[in-house]
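Just so it is clear, A, B, C and D label the chains in written order, and each chain counts residues from 1 on its own.
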Amino acid sequence: MISSLQELADQFSKLIPQDAPLPETPAAAGASCAHGGVASQASTNPVQMVDYAIKGWHLDVRARPDQVVAAAALLDENGFATDAVTGVDWIAEGEMEVVYDYFHPANSWRVVVRARVPRSKPEIPTISQVYPGANWHERETHEFFGIVFLGHPNLTPLLLPEDADYHPLRKDFKA
Amino acid sequence: MSALSLLSSGEREHETFILNVGPQHPATHGVLRLKLTMDGEYITRAEPVCGYIHRMHEKMGENRTWAQFLPNTGRIDYLAAMAYGHAYVAAVERAAGIVVPARAEYIRVITSELNRISSHLVWFGAFLLDLGGFTPLLYAFDDREKILDLLEALTGSRLTYCYYRFGGVCNDVDDDFIRGTREFVAGMRPRMKMYRELVTDNIILRKRLIGIGHISAEMCRKYGATGPVIRGSGVAYDVRKNEPYSVYRDFDFDVPVFPEGDCMARYLVRMEEMVQSLRIVEQALDKLPGGPALTAGVPRVLKPAVGDYCFAVEAARGRFLVRIVSDGKEIPYRVRLRTPSFSNLSLFEEASQGMMLPDALALLGSLDLVIPDIDR
Amino acid sequence: MLDDVLSLARANSLWPLTFGLACCAIEMMAAGASRFDISRFGAEVFRPSPRQADVMIVAGTINKKMAPAVKTLYDQMLEPKWVIAMGNCAISGGPFVYPGQYAVIEGVDKLFPVDVFIPGCPPRPEALIEGILKLEEKLTGKRRWPEVIPQ
Amino acid sequence: MSIIEPFRLLLFLVGIMAFIGLNAAYLVWVERKGAARFQRRPGPTEVGYAGLLQPIADGIKLLSKQLHVPPGADGVLFRVAPLLVMIPAMIGLAVVPFSETLVARNTNVGLLMIFAFGSINVMAIMLSGWSSRNKYAIISAARIVSQDVAYEIPMLLVVITMLMVTGTMNLNEIVQQQAGWFWHWNLFRLDVNPLMPLTFFIFFVCMLAETNRAPFDMAEAESELVAGAFTEYAGMGFGVFFIAEYANIILGCAFATILFLGGWQSPFGVWSGVFWFLLKMYALVFTVIWVRWTFPRTQFYNLLNLSWKLLIPVSLFTLILTAVVMKVLKT
């Protein structure tokens, strides 16, 4: 159990070493200062403390897709609860971002973990075995963005009709 | 596997049947559908099927300007629309760096808490209706109408409020509202006592709720269940205390917590929350500062700074989180609405294992679901 | 003569289907509650089974996933039956219609015939009562109360 | 038997049918008005004076609804069930003495007859649930059988207790034994059964459960089983079940009045007559309605637990107690 967010940030730094650069496409590198949110605005450090009053969370973690399960397990050990899983379609950069929100039931801590997957092959491992509550969020993200959560037990549409084969929240979606 | 066990599993399969509860069913409060695999009256598997009232709120956010999305916030959770408007407005204010006057924050707290009481009153009535008691519903609606009168005079609508604006609220409160609210608070306290005597102490109700539908604190954490559900499981998690927003720091109120984790605990949490909301409203009226209720000079077409921003509030059903992504244009790039009912319902499948049908419906009622809040 | 008696009886005993879709359903409940009390017109007998209901109050948005279920409910209701479209969503899709929308049915009259439309988002309970009175008027040809014309 | 006896019986039969129909119609009105009063609203006011024509409008509407047998249902049983459900109430009321002379058939086994035919009620509702080919209806049918079996037993034990106290199965004689001031009523016969009020209470609870009224309305548990066994019934089929429900309440309350409250006897020992019988019966009916709009529904298994673990042992105990007390008093 951690006693402060700094401790958690240190553990995350160990989990996601800074020297391993994130796989960034040239398009993303060019557009990141325009779109990428706080993490890409500043340094390359994937683990950053953020001002809660400005952003609404404390710790921002940029992970590779294969690190999100380990990140979820670390947060689970430290008593965090799953808040939401969602996607953002960065069509200009050819990428999709999967955003994991966490809150702590006993403290005021908020952690955001984000990972980017290429738009052409949007696949990311599921965290539903760590947090069963992420199951539905991932189903929803799958149906709205077409992001495939590898290993998910039941990746069927949740809110759209059972036979829906469209992904409405993609930016290039036309009804 | 022996032939015998194959046979018995096959027979067991044969004995269960699938019961479709909903989309039109009196107990699902709307258009939720439950696919229950039943063994007699016992539920072996309960699979909620949602989406029957999916209304594209998140996609609509990407199709209209920041201000044009405001009416949508009133229609996600129509019972506690104020808190939803609050979260969205505050998230945009955070992104655009708009400062809200103190008077507006106080008015937001007063209206949100009144709305919370009215939402809990509807839950109270509908929950008792699930349990087969019809009369409390009408008593609760009686009290609710008084709140609606107050809010209607202030906001112009009875249910789907669109009252908050970027930088404040659209109408300042007048003396009539303040006097009416004080009268309501004074009149509501004896009614709470009456509800306790009439309903809470009823032996049949207690038999139906105590020890039924147990949800552990760990399960709440794993599923992200919040609001009265997690507080009924012994965790004092309340966004108003854990991540204090608006002016909630200024008020003296308690977070009711009951450790049992059964339907009765969740019932008592909500009943107690109404009392606490009355306390907050009273204090806010006492402390209500002067000044404007809307910041002047907020542009009609807003272009918040680039980046993503969150704002979480304690809605009547739990933690409501708005995550907005702005690309510096007049239209949001993405609006993500994390609704409490969605997470609260997702634990139903695990929690209802092996329960009997009436108990499972009591559990469902105690989660206090608003279906458009799940489907969005 | 017999027709008159029948339609008079039917008009005075409109049992609605317990069928709430969205926001308007709360106002429908409010119309049944003490302040507005549609039981005055004998219409408070909300029947959860479509077989026993006479009038379907479509109170809310119908999306493409829900449309087959609503259609089934309408088919399961027995003649004579009526439909009240309550609220803008049931009339036209209401605030949820925009070019390129993918989920909402733009009006319940796309699915089956509607007798009375009640505008509003959501309509007030008084409006629902007026809608029921309009339906009675449609059945009997007579209006129960003189219409109030706003000054 | 005189020559006019068959005509007299026929007249009574018609009278009983009219009585049931009128009562069912206006008890619905009383229930709707009463519920409205409990809930601080006016209730039906617009259809006739104070909504008095409301039941007639409902009745005509139900009669004029489309007839429908759901596809896949057992057509014969589906149609027969509403007819069967009326039988016990009709036969029961045929032996109920409304006053000393106002009784269709004064038989020596009236008590037995009511119970012998009472079970048809259960069978009819079970049939309706089973033949509807609807899962809610089947669950409801299963519930109602186990519920009525569970509640028949304590009710019978109570009736046997009363049988020992009165020593006759003739309902007319039972009432005549209770003549005089109200402490002669069986309810206050503490000398033979010190737990007599409790026995009455058990009888009343069992009667609520037998007639499927709240808080024991498992068969038509709206928030769980839509409309229970009657989910698929429409129009007059549903209307008949509605009437039968009230007819059974009337029968149950009439029976309680005869067994415990002195039937047509006046509480003051003079001016006895049918007026007193109706007054007592309607007071009980009103209590039934009152209970419905006050309490939530019990769970199904609590209902069975209540019967098997509490009511049956207690009613057995009162039975034995009565036997012992009577034996001691007589010797």
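Here are some notes:
The criterion applied here is as follows: a residue touches a chain if its C-beta (ideal position, glycine included) is under 8 Å from a C-beta of that chain, and two chains touch if they have at least 3 such contacts.
The shown structure was predicted, so the numbers you read here are calculated from the model rather than taken from an experiment.
Fewest steps needed to get from chain A to chain B, stepping only to touching chains, is 1. Using the contact threshold fixed earlier, the set of chains in contact with both chain B and chain C is A, D. Each of B-D and A-C has its own count of C-beta contacts, and the greater count is at B-D. Using the average of C-alpha coordinates as each chain's centre, A ends up farthest from chain D. A separation of 45 Å divides the Cα centre of chain A from that of chain C.
If you average the CA atoms of chain A and of chain D, the two centres end up 64 Å from each other.
Separating the centre of chain C from that of chain D, both taken as means of CA atoms, is a distance of 36 Å. Residue positions 33-35, 48, 65, 100-103 of chain C each touch two or more of the other chains. Those residues of chain B in touch with two or more other chains are numbered 25-26, 51, 54, 56, 59, 138, 142. Each of the following residues of chain D touches two or more other chains: 39-41, 222, 226. Under the touch rule stated earlier, the contacting chain pairs are A-B, A-C, B-C, B-D, C-D.
Listed in rising order, the residues of chain B touching chain A in the complex are 50-51, 54, 56, 58-59, 62, 91, 94, 217, 220-225, 230, 235, 237, 242-243, 306-312, 319, 321, 323, 325, 327-328, 333-334, 336, 338, 342-343, 346-347, 350, 375-376. Within the complex formed with chain A, the residues of chain C that make contact are 64-65, 100-103.
Interface of chain B with chain D (complex): residues 17, 19-20, 25-27, 40-41, 128-135, 138-139, 142, 202, 204-205, 207-208, 356-359, 361.
Partner chain B is touched in their complex by these residues of chain D: 35, 38-41, 135-136, 139, 142-143, 214-215, 217, 221-224, 226, 293-302. Contact residues of chain C toward chain B in the complex are 17-23, 25-27, 29-30, 33-35, 48, 50, 60-61, 63, 65-66, 69, 73, 95-96, 98, 100-104, 121-122, 124.
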